[in-house]
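Pasting the structures in now, so scroll down.
Note that chain A is present in both complexes that follow, paired respectively with chain B and with chain C.
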Partner chain A sequence: MSDESDYYMDDSASDNYYDDDDDEMVDGTQDSDRESSPASEGEASDDDAFGVELSAAALGKVKRKSYEVNFETLSDAAVDRLMNKEAEHVAGIFGLEPSTALLLLRHMAWNKERLIEKYMDNPEAVRKDAGILAAPPLAPTSSSSSAGVRRSARRANSVQPSAPPSTPFMCPVCCDDEPPNTYALACGHAFCSTCWETYLHTKVREEGEFTVRCMDSDCKLLADDAFIARVCSKEDSKRHHELVSRNFVGNSSQYKFCPLPGCSYTISCPSAASKSSLMTIVPTVKCPENHVFCFGCSLDQDHRPLICHVSKLWLKKCQDDSETANWIKSNTKECTKCQSTIEKNGGCNHMTCKKCKNEFCWVCMGPWAEHGNAWYTCNRYEEREGVEARDAQSKSRASLERYLQYYNRWANHEQSARLSLDLYSKTEKKMEEMQTTSNLTWIEVQFARKAVDEVFKCRMTLKWTYAMAFYLAKGNEKELFEDNQRDLEKAVEDLSELLESPIDPDNIPVLRQKMTDKTVYVLKRNEILLDDTAQGYLDGRWKWNADAAILNEAE
Partner chain B sequence: MSAISTKRLQKELAEIRKGCPAGITLLEADDLAVWFLSIEVLGESVYKGEVFSLRFKFGPRYPIESPEVVFVVDNTHQAPIHPHVYSNGHICASILGSEWSPVLSTSAVCITLQSMLASCPKKERPTDNDRYVRTAPLSPKDARFQYHDDTV
Partner chain C sequence: MADARTRRVKKEIQDIQNDRQAGLTIELVNDSIFHLIGSFPGPPGTCYEGGKFDVDIVVPETYPFVALKMKFLSKVYHPNISSASGAICLDILKDNWSPILTLKSTLISLQSLLCTPEPNDPQDAEVAKHYLTSKSSFEETARYWTETYARPQTNEGRGAPSGTSKTSHLPTVRDEVAMAGLERAHVEQFEALGFERGRVIEVLKRINYRGANVPKISEDTVVEELLK
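Moving on, here comes the complex of A and B:
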């Protein structure tokens, strides 16, 4: 019970203590701003500018740090509005029904410019490809024409439920001769309502498909959203809508879904929309459910300060067994004849391969015949082959050691961050203890909790700094980076130690002062490190070593 | 079997019993969900004189979903040697997958396959036959076919 109330109070408490640097996105208020002032936005040119406008507005509210990005949360309804806006724009240019424009845009994977270009060129071909009824005769329209003028003259893909035709009708799918109700798209291929429903259900639910064709075998006509909404059940129609907006968001580089399962928020982050921007920024974003993820690579954690490309390299290196291979290389030798892998675990240097019975010397890798009875010593060090074999081995040993050095530190911070849940509950107990043994109030003991928060955050940063250091090329820049890393690490470990230390009831005010000071210091160190790396990306200061050499070329 | 598929299959069966398209004969349909039909190419073709047997399996969602159709391969039957037919009898034809329409029927599928055979200029197995047959799923409906060539 106390847990819940603590969580609730925590936010307000920490907000009072320190300025929270995470609230640059203010959802809702901006949505309503946008809605209330459509007239002020330029009619033709505002579409692309609108994400930018919003972030500019956000900028005014909270000062952004160099390692943070502006982003905005979009609700489902906001995504719908964006989607419809695109459709209306296209509809306005070509004098189409917005529902038709939607189908066209989906057909072109939401590439509006390409659609406009192609449609200008040959509207009939585009319509045919997209599964849309041949255009009704239209006066040529210019792009300046505003939407909503010629709508009445246009036809959409769907028609009202047609009355069963006068001739004896039999549904060609289920062979029902007297269906209670039939539907047809504009192509006129009528089927009974049950079959349509089952068909749409199968498409939407089983196949996860949102483009649904007429059931007739030769008919390519697509069902538009209104038709689908009318014919299928509420759930199916909802799912269809979901698929449609997923498709829209998925095809747009400036929007992304929160990758956490079951979360339906969309984040808009125009500054991280281009691939090249990801070489200089790490767009860490947070959805309203507090799911932190990277807008660039959808990794479900904050991988600052390391950019997406390199963190991917690192994660892959940690995951795949390239390091196993490395271990084998460092700790085993291959039979000089049959190349079987051999690990020597004792005995003399006279090796006899189990497989091919080849006899050789473990030290110089030369044939044993020349060694006579010098079983434990080999004085044939000068042989070229032997020297080469040893060189290659020591190289791979060094590389493995280097990797393990960084990996161990990385894993250590990850482990500690994972243990922070434990630390939370321990700290919780301490905070209770402090309240009973001293006259501090609940609010006044929150400093301990804030300290745990900060430790967790900084450990995440530290973790990724080790991955970054692994890939940074040697030089002054790397040394400066490692200085910052060392300062932060020291500060974090000090604060950790303080958190773990037992409480002396007489010294609580001192402890409180100390811990608060340390927390602020850690926070500052973290900021300095993140700020410096972010600035370094912008200045092109970071050079990568051979393990991430592709990135140097890309720059 | 759902109500829709039963009704539809009974209707199709009745029509096929009334009269099949030329070159196609119903062999067996004791079980409404599994039918066997024989198919041969009439007129000049590389399969002149050969008779093949097709097995149709209808799921409960037929005809919304396509039936599973394979050439029977056993002691007495062989799959035709054709660039779209694997030696285990699986057929790579878009109408059995992504191009399926609920309006298509058993006889429509037979006719399509018949013309697929008739237009084949040269008896050849698919290029990836061995690989596919080794790893093929039990039902071709679970295979992910790439339909690349609709000229044959």
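Moving on, here comes the complex of A and C:
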């Protein structure tokens, strides 16, 4: 399923379009190298665009690309099956009921190996710890285990509590002496049904707790799922089940929930399960509801090509600094002597630093003494001291400028990507227009939509390349990376412009050709960039600068 | 459910009032049975013996399915009780609450908490440090606090400063120093260097200048701390 996600120029449309040169397609494909593709920019010939596209499609079909990960989507039911399979496995080894095995696994936070080891060692201790009835079902009289039998026997008893009939029963929780109905776990501590229900409700709803023990303070016995389903309301029971599967998924590094609110799909991605793997791959996955997120850090967007650790650093930096930095940049200057940041909020240009008492001119930044009698006016811009002072200031500003340069581009692409969502609706209109003004069919005008899709995707990539460039150490590798970035950026801007341009009804076939070419080119450039960065991670080619220095050591 | 809660709390209050032997008392605050003040005697044979400890109790809406909210009104010198706020660190008041626990059983649990401090899971880190460094000195201080703040015959044991009037026969220096669990000689030693007494007590308390720790902390270190 990961394969199809990157191909908007899918087979049906392209075959349709390039129908006539089927044979050529097969031959002229292998020149998909980085060097050859820029040729197809602008007025690319059919063949070029075609070759690129086909090779992309062919590659996609044959194997997954270096920047993609294999993953699988699991529905709720599939997660249940996995959970039960684990339980049955354990149950099989020790001859337990699956429901008991489930409780044991949950107790051990789903660490099956540890459970097996510990249970082998001392089953009684594990059972006691987990809150499961001490006596293991040694002699099952029927197909169901003795624990099950006992429990159901209790259930049968539960209408009349375990206390002898002569002693009037009073629920120890609500002090009701004539409860309509009572329940007890296998331990025999009986409580009225209303109290059990409220108790389970508080646990499940308010505390978000799925391990529910007997209400008696000294009794550690766990309520199993069947009991909970029996006693509490349907919604609470459903919620309990949800909590249980969340716990299962949460404790396993190879499964993850789709982080989007209200989405219940689980993704399985074994290749990104270990922390170390996240240093070299960016496991972007997509659930069946088309929610794209990162399996590694659960960020709800595709942050390729930047790995999780660094993108976290970047996002944090942006959150902490951006607004403040922008404000500082536009509203303050540094004292020429002690570099304190100063805001001028009125008054004349004669500044006296509060901290070091340095007196200088706000306009030329030179020492105030040299202004002589020309008080409160400054025409001395080129004086040596002033120039030097401004140099010193610019140095202290350099790092701020550097950050802002990357940040602004990052933010710009994010905004453009958001705007291209608006573009969808505009494009939709254009597509209708094209259908009415020319004899193209609906399927044939899809190229515009695909172009928008591709622009959006590439802008996301571009956005993150700026974050990546901010953290990459200077050197040849970074330059190559920035070359790729520049090529992609140019291609995307070109395509963007084309999308915004008005439609001339006479020119639709030309426009269509041009747009398709450019879309393919952009797609290819994006692939090249992602592929190169992914490969770079595997080769250990990327070195981080001082801002992300920790990562160099970690590698 | 609301009337079940009322029924149960009423019964629990009665249980406490019927059982004179345990020595527990319970009073309503503002005539509400959901806000109470309970008290129990300090356990005999401990440094809390002879004291009467008052506890503020709030019965939450969903009681008995969630724990009672309790905190000490009397100041207590104990590793698991905040010496400033009276907050209590006890498992049954948090995760290990069970719906069959009652006002009575919880008060008794608090009483037994006084017998068995758990300094490795402290609520009040300074007190816990004191306990771990020198148990005898800790006990002396706890006894002093009990005498000062938890005198049974005065209802006004709660709240801190009222205690001072009852102990006015003691010199004030001894008062503050003992309250902090410090040695008078130590405090005077640094006072002689020109530091204010309050400051000296505060610093010595913080760096746990007690028992076996004293030889380990040089005078210079203390002065440095004092100058900070």
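For this structure, a couple of remarks:
Assume the second predicted complex is superposed on the first by the 387 of 555 C-alpha atoms of A that agree within 3 Å, B and C clash if a C-alpha of one lies under 4 Å from a C-alpha of the other, contacts with A are read in each partner's own complex, and residues count from 1 in each chain.
The rule is short, and it goes like this: contacts are C-beta pairs under 8 Å (C-beta built on N, C-alpha and C of every residue); 3 or more make two chains touch, one makes a residue touch a chain.
Keep in mind it's a predicted model, so treat the numbers as computed, not measured.
Considered on the superposed chain A, chain B and chain C are sterically incompatible, since they clash. By the document's definition of touching, neither partner reaches A:527: not chain B, not chain C.
Once chain A of one complex is fitted onto chain A of the other, the partner contacts of A:172 extend to both chain B and chain C.
Of the two partner chains placed by the overlay, neither chain B nor chain C lies in contact with A:334. In the superposition on chain A, contact of A:198 is made with both chain B and chain C. When the shared chain is aligned, chain B and chain C each come close enough to touch A:216.
Counting contacts by the rule stated earlier, residues 172-176, 191, 194-195, 198-199, 202, 213, 215-217 of chain A appear in both its interface with chain B and its interface with chain C.
Note for the complex: chain A touches chain B at residues 172-176, 189, 191, 194-195, 198-199, 202, 213, 215-218.
For chain A in complex with chain C, the touching residues are 172-176, 191, 194-195, 198-199, 202-203, 206, 213, 215-217. Residue ranges of chain B in contact with chain A, taken from their complex: 4, 7-8, 11, 61, 63-65, 95, 101-104, 108. Interface residues of chain C, counted against chain A in their complex, comprise 1, 4, 7-8, 11, 62, 64-66, 92, 96, 98-101, 105.
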